[in-house]
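Okay, so chain A shows up in both of these, paired with chain B first and chain C after.
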Partner chain A sequence: MENSQNRILMAKTGLDGHWRGPTIVARALRDAGFEVIMIGMANTDDIVTAAVDEDVDLVGLNIGGHIDVAIRSIKRVQEVRPSLPIFAGGTIPPHAAKQLQALGVEVYPPGSQLADIVDAAERLTGTK
Partner chain B sequence: MSEPTTQALLTSAMAGNRSHLARLLSQIERNSKVETQVRLALAGIPATSVVIGLTGPPGAGKSTLISALLTHATASFNKTAVLAVDPSSPFSRGALLGDRVRMQSHGLGDRVFIRSMASRGETGGLARTTATAIQVLDACDWPLIVLETLGIGQVELDVMDLASMVAVVLNPGWGDTFQANKAGLTEAGDVFVINKADKDGVEQTRADLQDSLSLLKPPLPINIFETVAVKHQGVEALWRGIEAYLKEAQKLGLLEQKRLSRRRRLLMRILQRDFDVRMHAYLTSEYGDNQILGALAGSLSIEALRADLFEYIANVDKRPR
Partner chain C sequence: MTKNSTDKLVTSTSGIELKSYYTAADIPEQHKPHVDVAPGEAPFHRGFHASGYRSKPWRIFQLSGFGKPEDENERIKFLLKSGETGFIMEHDRNTADHCYNVNHPEVVARCEDVGLTGAVMQSIRDTAICMDGLPVDTSFGHAGGAVVQHAPFALAAYWTVAKQRGFDLSSLKGTGQSDFNLTYLGCVTKEQIPTDAGLRFNADIIEFCAEFLPRWVPVSIAGYNAADTGLTPDQELGVLFANAVEYLDEIKRRGKMSLIQAAQGCGGVSFRASIHIIEEACKMRAARLMWSQLLRERYDISDPKVSNLRIHCVTAGSKMTYQQPFNNIVRGTAMALGAILGGVQSLGVSGYDEALSIPSEHAHQMSIRIQQVLQEETGIADVTDPLGGSFYVETLTAKLIEKAWTFFESIQKQGGYLAALDSGWLHAQAGENQYQEFMKTESGDQKIIGVNCFRDDESPFEVDGFMGTDDAFDVATERLNDVLRTRHEMGAARALKQLEADCRSDKNIMPVMMDALAAEVTLGEIGDVYRDVFGNWNTPIQT
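On to the complex of A and B.
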């Protein structure tokens, strides 16, 4: 088995702005040896299509705007690929974090350490 | 949930199962044994797809141009697959695959399949498994495959071996007449695109390119198009130009030639890899190490070492482990 880099899809839901967070996270994941597929601002169809076509091992969502939009995307991804892990970051208020966690999504709110996010990616993809 | 076998994935992908196609492409990237198995399974199936390669320096707008071409391409071919290669880090082996950012929301649904590939240490502008990925997409009835290389400099031109035709994407102010006459990039294109043509310097770039191209003797005339991909300007004209090229190339038998060279290239690559694996086995075995030490000490000539290595490579499968 050579070249077994794991693949992570990074998408933003909702708000076109606040790019710095997902960009820095993507960079940290790249430096940890992941192949990070950036799709930027994306609607539910784009996220589901990319998760399937790119055959990723993990989805990272940067959540901006209304939480319902993100939840709709998450549910659709889980319908199509039930065992695919998802984690989320962004400005997520506590009540929204609970909703996400109830769906099995790990939440990394502002203030999370990059090292913890990378650890989570490694754990969720079985890299280490 | 157990993983389907490679053969099951391939059969299902060829029957139109998209997630199995996607899974198969990952397994080919991850495991060269899977790649070999897939290649053997597809060996008898003739190549029929048209492959359009796009290459050029980083930031020239290749992804944005592909995104803008998707509507026209899909109208002509009904379905379009895109393989987009970006570089892997030589340090971490990680990669940031950003081509897809530009290709979102095409509104063509299932008629478009986009796959990002990391170069994983290859230096020719593509990934090691790109050729096999094309063969798989071809076998899965994707009639048009658009192949985007990573941002290249001058000679990373593996795309020429795989594509039916190559579009080189440049920008105004890209270089002067000397740049245009250097070997490599400007010899590789069947069509040239000056993207971001709303910036200064289009006329000069076009003139430099024209001068350089006028000294080539291509089988078909090489046209230069100007586009502003983000505004969809000039994109339809470019697509008509590509279609016209493909039509003429088909008539002249060039497309069939390219398909043959694609398969030849794949075969050579496989033989090369088999050779490399066997050579590595020799170099890392105690036996091979002793032979090399002998050559270093002068008790074995370099010719004798070479003969011994080739003999080992030819018979390694027959040796007891």
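On to the complex of A and C.
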């Protein structure tokens, strides 16, 4: 399967408008051939709706705030589409990263390599 | 350090080619007459004042705030006790940046985020708690209001509380920032008034301060926010002055106040101090020269009190790493050194836990200690502009100025700073730089200790993120309900109606904002008026 057949939803869980991180990641994923759908700052309902309507193959969350906000969205997505993989990046301190990993979410904190993030996208969507 | 081949091209962050050493012959002709000028004299690149830090040490000024207003108050008092010489009141981003109350559905959906990056202040009662016992009369206070649409509220709240406590507004010193680079470039919110309405707000604040708060810095253009979004040092300079010109031209067009006074109001700016120490020091020197040049050539202003730029500086948050966070203490020190060698008046050092969370108490104190060690132990404050006359420093300063004016001109060609924001041109520049910068660390061309090399750290020390308090949302909800229940409703309704009328007119909105705050109108109600009157900025980027 080609990357171009896969769609990745990207959303920011918080209301903080810094955009450096997610746009760099989106560009790397697009350069690797993925179709990236960015919905910006999104609450749980926005994320779940987009994950279903856009029929995406992977969800990428940019987390800049409290981990419980992200966890609420993750759990809802997992209820509605149990097999849909999720990965996350952003300002995620170690204790929060452990909470996400326990939910099966891969975590890419600041300093992660783009190549590793693209690799993860390929692995999680089954192109690799 | 790995050995580089000596013929490898070495460039500064601004893309200026660097030689392995410099001589007098390298200093550009147009800059040579400036080299031997004393600090405190035009064109001011050598520093604000001849006696420099001997007569006035730089202000230790740390971004601070989280949780409930009383949590923030407690932290600020801790910082002041630790030796901070000004204070900054951060407001909760979720509510402040969008002008929402905590009961707004978008905030409720993220209730745990509330208070994570600043205290929730929805009415003057909250601001009063946050300011309790703070030295507003003797210190330099940052009232919050970094985001443009939030500034009138934050400023009016601070001033009204100060007034109620018997302080004379005309002697208050401080700022609220109200920064376009943050609002429309670096941190693009979900809802924000359009740039032309933002320009009007800032002009209103500048005019209001000239009349009632002459010692206040009404707006503080933050090159920081452009730089940490990706603009290079030369671009940071260019964009800052393109922004200043937009304010000054608007004040001139309105014709209500003297341009000299307006220039004084716009002449307290902030820059980012990043990790390339010498280039950053040169940037501060370049900025002062450019400001005096701009005022003289474009506005015929040469009053030394106005032409002398005052600079606050914050070390680059984006340079702080998640991995091996104690390395960031060294980075903070290095970046602070660049700012100080550049002669800034005020400095904030990012916390060593910047990439993980807002600063813990310890990280916060360490940011102050870094500055105190530099100030008291190193001798760096003994001589003004210690790098002045260095062949390299003078050459790089001159080259930065040249490159910065080129970027300034390219913004003017876009139709000016506002147009370059509205079109997304500046975002594209920043985005491209970000990506290239990232690629350099990805390839290993730019080494970052603990991130793409020397990753085998076996330090037993671990740092986890500081998460503030967990009751900010609940308490803010109770307090909002309490204000709405117990305030004088007719007075609040009248003030709100007048606010809307003044927003729709060309009146200065600050007098009515003061009335509205005194009448306990809340942040979200004011935001609703803005949304109704001004609508939403058409965001040029997809995030």
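Observations, loosely collected:
The criterion applied here is as follows: the second predicted complex is superposed on the first by the 123 of 128 C-alpha atoms of A that agree within 3 Å, B and C clash if a C-alpha of one lies under 4 Å from a C-alpha of the other, contacts with A are read in each partner's own complex, and residues count from 1 in each chain.
Operating definition for what follows: contacts are C-beta pairs under 8 Å (C-beta built on N, C-alpha and C of every residue); 3 or more make two chains touch, one makes a residue touch a chain.
This one's a predicted model, so the numbers in the text were calculated from it and none came from an experiment.
Legend: residue contacts after superposition of the two complexes on their common chain; A:84 is shown touching neither chain B nor chain C.
In the superposition on chain A, A:14 makes contact with chain C only, not with chain B. Of the two partner chains, chain B is the only one touched by A:55; chain C is not. Within the superposed three-chain model, A:27 lies in touch with chain B and with chain C [touch as defined at top].
Of the two partner chains placed around the shared chain by superposition, chain C is the only one that A:114 touches, whereas chain B remains out of contact. When the two structures are aligned on the shared chain, A:4 is found in touch with chain B, with no touch to chain C.
Looking at chain A, you'll find residues 27, 38, 40-41, 43, 45 touch chain B in one structure and chain C in the other.
Across the interface of their complex, chain A is touched by residues 93-94, 97-98, 105-107, 109-113, 116-117, 186-190, 229-230, 318, 321-323, 355-357, 431, 434-435, 438, 442, 448, 451-452, 462, 464-465, 467, 541-543 of chain C.
Across the complex, chain A meets chain B through its residues 1-5, 7, 26-27, 29-43, 45-46, 50, 52-55, 80-81, 83. By the touch criterion stated above, chain A contacts chain C in their complex at residues 12-20, 22-24, 27, 38, 40-41, 43-45, 65-66, 68-69, 91, 93-96, 109-111, 113-115.
Interface residues of chain B, counted against chain A in their complex, comprise 1, 18-19, 22-23, 25-26, 29-32, 88-89, 91-98, 100-101, 104-105, 109, 113-116, 118, 120-121, 128.
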